[in-house]
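First the structure, which I've put down as structure tokens, then a few questions once you've had a look.
Naming follows writing order (A, B, C, D, E and F), and every chain is counted from residue 1.
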């Protein structure tokens, strides 16, 4: 469910259908998940979000599975249940193994702990870590 | 700087020195960064945190560089400046290229945006994404 | 539901009833929403929170609808489902149109993305934006 | 400063210059703030972010100043210092008065408090606020 | 420093001076910290915030030092540097020992880690923990 | 429920059973809550998390109930519903009274509000609160 309800394919405008078609073609699936059906009430947002996501999540210097893992790490830290559920499923479908999932959660738990220890102890940044980084170093 | 100041190696107790030695040996460096010197005022925390971090961040189903990227993703989402600075430096030293850094930031930005769109539109989780996941599917 | 359950009007103490009466009179409704019934177990908190809210959310330099939009922006960023549901309903009742809702979500999504890009790229504040602001400028 | 340093106009590629030119033309200024110079190391991100921002922050069902106020509300909730500094300056330049700023901060403070009271008291959403909203109601 | 600068006692209006006087009398000090001087540009906010804080942080079922510890725990989790610095100093002045500080940080680190493990593993609430709580149990 | 489902005692490996036994012995209960059953799919994480939690949450310079209060304060600020539900129940079982719960929520609400007012007004840290703290002062 969603604030304005979900727009199914058969009820969608041509503009929305075009995005749905591209999602299904890109993902090689007939399934459109609730997120897209919820924001389809704002076709401009739907289109910009999908095009941004497609550009960002495809292969590049990082492979698509690594990007899914990063998405999960952000979503867990933000406590976004929908995002965790959908991207965890997506990551498994892209080849994440249970062992990879477990190590991901370990890193997320550890990072959240040390983030707060650094903050609570008011640790200032080491001179050598101050930006800009000297990548020749 | 830090709430209680930083404990340098020469001023450290034997218990703290043992952790510092292990950090330097594991990381093949003579540098101990401010975080460890700040929490060294609590030797039990220092030891438990270092041992946890060493166990979590080493090679496994995910490689150490991927784990650094996840650490950065969490730290950016948490807005922890120290953690971003130190783990960005660490990731570059482990082989992160500028292109990888850029794609990481793209994913973090995108994930933070869609996390909030999902939330703002009050999207409920698709039945197929509800845990537990059927990994045979 | 709530930690201590919900206190209905007929079961409320005189102190709580007085706040409920003021909520209903101010909002021109007979409905008291769950939030107030949940915190009514702490009458001092109920009274202070309601009085603060009434003072803050009324007309002033910003109109009440703009204030509802801001409330939603905070609640989405904090991922507070109750708050999003109740303030979204409240904003619609105060005149928010679907178009306004959509633009609000666009801004919230965009701001959350750029907040993290700024953070991830470790951007320092431009000299001209440093406080205090020269409002004559 | 920034992870990779700041790219000044004179050092920018044609692709980056085109975005800088559009920022200056759209904002009627000769000033490019640090954020753009920092992410200009990733021209695709620069272009997509600027185009998204320009689309989102312009006039629509909500006026540009209201959108700036929403941006500040998100940035304060996320604790993003750069964003608070730059968007506060931007909002004043678009006509925010000190009184408006003050009411904005009041709402942000109040919303953050009640978000947590709702959460801490584990308040469930009233049936009438459950999505989807009946906008005819 | 602060968006509008800091209002010193000698430059304050009678309304602001009255709050400053009460802060100094209540805290048995001649020092007004920057927070109050920053929000004194909004006398109504200053007064409401101070009166709320005074009511909340005084002795009750929880002693004032425990309340300071809770304040720090929230501030660290929110990553609010000013709040961490000022409330850490305040807690020490109210009798927090270094050992108490250290245990506080341990709990905050641990809670932030397990919060995210719960979230990442999508754990549903045990039936016995669902509100409302049966306090007779 | 949980991503991989819950591991019951009778289905657990010897390694997991050993942790479950220690949880039950330490807590003087026959009940293992869902969190442990969910992360038991990663026995190393289960063991490290339990041992860390046992070390951190036991008596010390802070008593176990105070530590539970801090845990709740963090969990509310992080908006972790599972954690709030389980630690609120746990705190009541350790002696938290309804009055203590109420004052805890008051502090959490107040701290979240002032954290954001400090941030929104861009208040810089008073010189006297800058770390390191002079504890002799």
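Convention: a residue touches a chain if its C-beta (ideal position, glycine included) is under 8 Å from a C-beta of that chain, and two chains touch if they have at least 3 such contacts.
All values reported here derive from a predicted model rather than from experimental measurement.
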{"item": "Chains touching both chain C and chain F, listed by label", "value": "A, B, D, E"}
{"item": "Farthest-lying chain, centroid of Cα atoms versus that of chain F", "value": "D"}
{"item": "Interface with more contacting C-beta pairs, comparing C-D to B-E", "value": "C-D"}
{"item": "Between chain C and chain E, centroid-to-centroid distance (C-alpha), Å", "value": "20"}
{"item": "Chain centre separation in whole Å, for chain E relative to chain D (CA means)", "value": "27"}
{"item": "Per-residue overlap in chain F, given as positions that touch at least 2 other chains", "value": "1-4, 39, 45, 49, 52, 77-81, 85, 88, 98, 102, 104-106, 108-110, 112-115, 117, 119-122, 130-131, 133"}
{"item": "Category of the chain touch graph - line, ring, star, complete, other", "value": "complete"}
{"item": "List of chain F residues in touch with chain C within their complex", "value": "79, 88, 98, 101-102, 105-106, 109, 122"}
{"item": "Residue numbers on chain B that touch chain C, as the complex places them", "value": "72, 76-77, 79, 81, 84-85, 88, 104-105, 108-110, 112-117, 119-122"}
{"item": "Chain B - residues contacting chain E, complex", "value": "3-4, 39, 41-42, 45, 49, 78-80, 131"}
{"item": "Touching residues on chain B, where the partner in the complex is chain A", "value": "1-4, 31, 33-35, 38-39, 45, 49, 52-53, 56-57, 60-62, 66-67, 69-71, 73-75, 77-78, 80-83, 85-86, 88-89, 92, 97-100, 102-104, 106-108, 110-115, 117-126, 128-131, 133, 135"}
{"item": "Interfacial residue positions of chain E with respect to chain C in the complex", "value": "1-5, 44, 48, 52, 55, 130-133"}
